[in-house]
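The following pair of complexes shares a single chain, chain A, combined with chain B in the former and chain C in the latter.
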Partner chain A sequence: MDTLVLFLLNATWQIAALALTALGLALVFGLLRIMNMAHGEFVMLGAYAPVLAAQWGLPALAAVPICLVLVGAIAWLVERLVVRHLYARMFDSLLATWALSILLRKGAELAFGRQFRNVAAPLDGVTRLGTVGYPTYRLAVVALVLAGLLGLWLWYRRSATGLRLRAMVDNPALAQAAGIDTARLSAVAFVAGCLMAGLAGLLLAPTLSVAPGMGLDALIRSFFALIVGGLGTLEGLGLGASVIGGLQSGLSAVFTQTAGYLGVLVLAILFLWRRPDGLYPGR
Partner chain B sequence: MKRFVIATILATGFAGSAPAEVRLGVLVPDSGPAGLFGPSSRQAAQLAAEDINATGGIAGEPVTLLFADVGVPPAQAVQSVQRLWRAEGVQGFVGMHDSAVRAAIVSQLRGQVPYVYSAVYEGGECAPDTYVTGETPAQQLAPVIPWLAEHEAAHRWYLIGNDYNWPRDTNAAAQDIIAASGGAVVGEEYVPLGSSDFDASLARIRASGADAVLVTLVGGDSVAFNIAYAAFGLDGQALRLGTLIEENTLAGIGAANAHRLFASMGFFASIDSEAARSFDARLHSRFGAEAAQPNGLGESLYDGLMLMAALGNAAGSLEPGAVAAVADGVRYSSPRGNARLDHNHVAQTIYLADGSSGQFATVARFDTVPAGVSCE
Partner chain C sequence: MGSILGVNLALLAGLLLVPLLGGSFLAWQIGLFLIYGVAAQGVGFAWGRGGFLPLGNALFFGLGAYGAATVLRATEGALAVNLLAMLAVALACAALAYGLAVLLFRGRIGSGPGFSLVTLALVLIAGQIAETTPALTGGFNGLSGVPPLAGIDPFGAFYYVVVALVVLVTAGLMLIERRPAGLILRALVADEGRLELLGFAPHRVKGWAFAVSAFVTALAGALFASHQGIVTPQSIGFALSTELVIWAAVGGRVSPLEPLLGAVAIGWATAMLRDSVAWWEVAVAAIFLLVVLLLPGGAMDLVARLWRRLRPVSRSKPVSPLPAPPVRVAPPPGGELRLEAVGLDAGGVRILDGLSLAAPAAGVLCVIGPNGAGKTTMLNAITGRMPIRQGRMALGGHALNGRAPHQMLRLGIARKMQVPTVFAGLTVDETLRLALLAGRMRPSDALRRAPLRWRDDGLDALLADPGVPLTAEPGKRAEHLPQGHRQMLELALTLAADPRLVLLDEPAAGMSPAETQVMVRLIRAWQARTGACAIVIEHDMALVESLATEVAVLHQGRVLAQGALSEIRADPQVAAVYAGGHK
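Right after this comes the complex of A and B.
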């Protein structure tokens, strides 16, 4: 019984962490049709925000504004200089953002050094759920992710900006003709997607090894979740994260971690081959 | 053509007038997964060269170091070695890199140039004119596991490592040492390199009832494992022993997650000895703000160069046949302590350190521990 509860908690954590990590990638792809290969590096930059806050002797909460400013400024620059010129050129944007990811990784090595950084968890200790103890910080992150995703979904469905975004996704030319400033909306969407990635890095930093190369893992796992779930919708993101996170947790628990990774890879290949639109194709 | 002729005259002119010197190739990981250890490796090597030259060099001639990056695939690393050897006239190599690169270098050099390998490794290297200063599993575990059984009541061991030969060979050695010390192995598992999710392993460790965990995960994997380990409160159930947890890895794990985390190596920056303190002080005075965090992997190049110098001085040159004839029993000293070449490995001091405070504090010291490698 305890084993089952622990497994379910672990699977929930993996799914929540994956959904959080993949959110920015899904947002940018869903709204702009840009596969942002530098997504993982924005996660990495976000994870360095608490490192900088500690270095500058600031309170832990200062990491949030540092993350928003650091990631926001870089994302805005990237949109201006690179991404803006590549909308609707999917392959070019993929190559350009891949180059960008290398640049950001090397830049982080120069700015922060190559060593591992530790980020202390703001909540430590273990919460008892019945007879099973689970890390308190992980439970808090799971709750935050659930609330955040629900809020985002409601906002996208109900707000005026959400409506304009959906109009732009459906038909950019028509949306522009109807007086929607799609260039500005696109820029905002790209920066918002990168900020989501940065916040994911910030939230997950206390549970990860923080180093300049950490972004690649985040990108690959996010990519798998989007392939399986279907590109570009929140519902697809939730489904994809659940299938990938759940499968990996399950196979790792029953067999080994190797089986877990193998299962995820095989599933991703099968989806790309047989069902490229994913489980929830949306539109 | 004219430019070529001038260049040739200049080159031969300089070569002719150059003072006699011993050129040593120093192979360090500037790039790749071990790139973190590039700066500390280079700095340790530079200090060693200064010390060697201050005491008369090798056979009376000053030492010059030529560095090459071997944090690359073996085929590329071998090209750098060939260039240093054939084009730059390097007379001996000292390297800190992975075993795949070592195997490639050994097969290129074929005993025509002495080669000292200084990294922590799995043991078993017996090629001619190849000398090893790095800690072997037998050295890191044979004195330490009985000590932990006696002082920390560690009897039921769980072994977890990355899935390649170093962790597997370390655990094979651990199996015998644990059995000999009256303990038992209650679990053994390997995870792919680059793993970040250890939840399933942690559940298995809890269920196994282990009171000690031998960690042979490397780099970021080790950091992620140890953070999650402490988050689940497993540090109360079982102590951890790592054989490749050096200062950078411990900093990534963080003090909050390091309760009862032990490490066994031949060097820690905090070793309480005159030689170690002076090494640390000199790193800072020589390199200032650029001084890299001293650690057992980077410092090992100091040992490697000291052994190379001791070999050359004992033989009167770095001619491989002459070196091989006098090698066994050659002694040198370093910030680690005193070491003696025992066949082609080194009997050396091993330290057990407790990282609970976020900084290593040595709790036990074992002198003249044999490498446990027999090349007969």
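Right after this comes the complex of A and C.
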């Protein structure tokens, strides 16, 4: 019984963490049709924010502004210099963001060193749920992710900016003709997507080993979640993260980590082959 | 640039000079980068020729290396056994790559990020397996003490084995480029959708391209095991995959020499500078990004362009033509096209709404109708471009439902697109050669020279029309032709495969009145010669008048009326929704 509860808690954690990680990628792809291959590197940069805060002797909360400034500045620069020229050019943007990811990774190796870092959770301690104890920090992150996704969904559906974004996704030329500054909106959307990746890194840092190469895993698992769920919607993101996160934690619990990874890959290939629009192709 | 023989002799001479001038240790070092260079050639081929980017090609390098290491350790020194086993490993890699590519590219993911990310995931998993299964791979420490191939000294004569591989692979890849396979690959990169209508299945073409890529990369891996004497998880890892892409990007992908050069130059510089200059790897990544942004063709492309400017090519030697073999049609040709109650939705809008239409087995059926009536969509439904929701479609009793566009030509159906679609980067002459490969080529013809010399009376008759200007400028790039000439080139591309049913979507759009008359003459001549059927979508009533044996009027996804033009003109319903008239 306890094992089952623990497994369910672990699976919930995995799903929430994956949804959080994939959110920025989904945002950038859904709004701009750019597969941001450097997405994982923004997660990595965000995860270094608490490392830097600790290194500079600042309080834990200082990691939030550090993350926003660091990731925001780099994302803005990247949009200006690279991504802006590649909208609507899927293959070129794939390659350019891939080159960018290598640059960011190597840059991080140079700036922070190659070694793994550990980050202390700002909330330590264990919450008891019946007979099972679970880290409080993880439960808090799960709650935050749920609230954040719900809020984002409401905002996208109800707010004026959400409306402008939806107009841009549907028909960029018409949106422009209707007086929407799509260039600015695209830039904001890209930076926002990268900031979400950075915040995901920040929130997940205490549960991971922080290292320059950590972005790859984040990118691939996020991408698979989007493939399975359906690219471009929050509903699809939730579904995809549930399937991929659930499958991976299930297989890893029963067999090995490698089996979990392989299972996820096979599932993603099956989807790319038979159902390239995913489970929730609602766009 | 240059003939295959000339380029490879120069390459061979240059590489043979290395041990003479630099000594055997330099040759050993260069040998390693040449091996990497062959792997980069594999990536460059998939990327430059296939148009898709494999981000995990170290998978095949590693499989080749581990496979060879296992074989070498087990058989020690028997040359024939070693070579055969390495070849078997490389062929297995090619088969794996083919299967994977066909599976992925069939799922409509195009050449976009899906494929790249799956290959990336594969190499990550392979790296993980290599590290965690010591029984098979020696785990983290790898398989060490690999005896060299046939006992050849890795620091001595083995360099010549590497050079032999480099020259063989380079010559092989250049050969593919100059044979029908190369022409088809260039057309694939230019316009997948158009190529599919010529009867080539894009996912299979890409499958072959990826198989070649994997084969070459695995061969390089096999020699790597012999060269290094040790195979560690690094040789199947993500880092090497990335480097292969960087080398192919920076060097270039147009000729197989370019990735080779990129690998040797960057690999060599990295080996020299990695330990002394801390920011070297950041600099390489920055160079990669700059090349992607500013020099999409790679550094060598710049050199090649300068070279071409200095020495304009004067190739295209006259070749003696060969008669093309007949088109291979699956079922016995002929029969009429029948659509029964076809329904099709797109984006929540009903476009075809119970459309029923019969086209005669011979003659010209003109389809007219206001914009948005569903004319082009009807052709998309027939050719399998858009899936239909309900109804039946058949040609001479053969069901068309659920078939893919690349199967159409074998059923005798060819199509000309609404926007004149030709292959960018192919010359007029090359486009016409490709036209004669369509439907006639067997898989075994892909690497033969003869199919490129095929000629066909039907196509020659079309080209001989005084109004067709295509033979005057065979060396001109198809995308640089004016609109009217492009329309005629696409018509030639469509009719060359002797189809029994031709779907022509506004064949005279954007043409001058004189050109329109030529177009009418060509279509009528073709119809009279073959006795086949053409369905022509047209707005120009003068053209309809001079072509149509029958007219169908489409309105809101249905056939409103069908019959002789005079009957259609008299139909009050037609007059109510559609006035017709001149352009």
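Observations, loosely collected:
As a convention for this text, the second predicted complex is superposed on the first by the 283 of 283 C-alpha atoms of A that agree within 3 Å, B and C clash if a C-alpha of one lies under 4 Å from a C-alpha of the other, contacts with A are read in each partner's own complex, and residues count from 1 in each chain.
The criterion applied here is as follows: a residue touches a chain if its C-beta (ideal position, glycine included) is under 8 Å from a C-beta of that chain, and two chains touch if they have at least 3 such contacts.
Quick caveat, the model's predicted, so the values are computed rather than measured.
Superposition note: with chain A as the common reference, chain B and chain C are in steric clash.
When the two structures are aligned on the shared chain, A:211 is found in touch with chain B, with no touch to chain C. Within the superposed three-chain model, A:96 lies in touch with chain C and out of touch with chain B [touch as defined at top].
In the superposition on chain A, A:265 contacts chain C only, with no contact to chain B. Judged by the touch definition given at the top, the superposed model places A:133 against chain B, while chain C stays out of reach.
Of the two partner chains, neither chain B nor chain C is touched by A:49.
Legend: residue contacts after superposition of the two complexes on their common chain; A:7 is shown touching chain B, with no touch to chain C. Applying the stated contact rule after C-alpha superposition, one finds that A:85 touches chain C and leaves chain B untouched. Legend: residue contacts after superposition of the two complexes on their common chain; A:273 is shown touching chain C, with no touch to chain B. Among 116-124, 134-142, 206-214 or 260-268, the region of chain C with C-alpha atoms clashing against chain B is 134-142. In the superposition on chain A, the residues of chain A contacted by chain B and by chain C overlap at 217, 256-258, 261. Interface of chain A with chain B (complex): residues 3, 6-7, 10, 13-14, 114-121, 124-126, 133-135, 137-138, 206-211, 213-214, 217, 248-249, 252-253, 256-258, 260-261.
Remark: chain A residues 35, 37, 82, 85, 90-92, 94-96, 98-100, 102-103, 105-107, 109-110, 216-217, 219-220, 223-224, 227, 256-258, 261-262, 265, 268-269, 272-276 touch chain C in the complex. Chain C meets chain A in the complex at residues 53, 55, 100, 103-104, 106-114, 116-118, 120-122, 124-125, 128-129, 132, 238, 242, 245-246, 249, 278-279, 281-282, 284-286, 288-289, 292-293, 296.
Of all residues in chain B, only 35-36, 163, 189-192, 194-201, 203, 207, 219-221, 223-224, 227-228, 231-233, 248-249, 251-257, 293 touch chain A in the complex they form.
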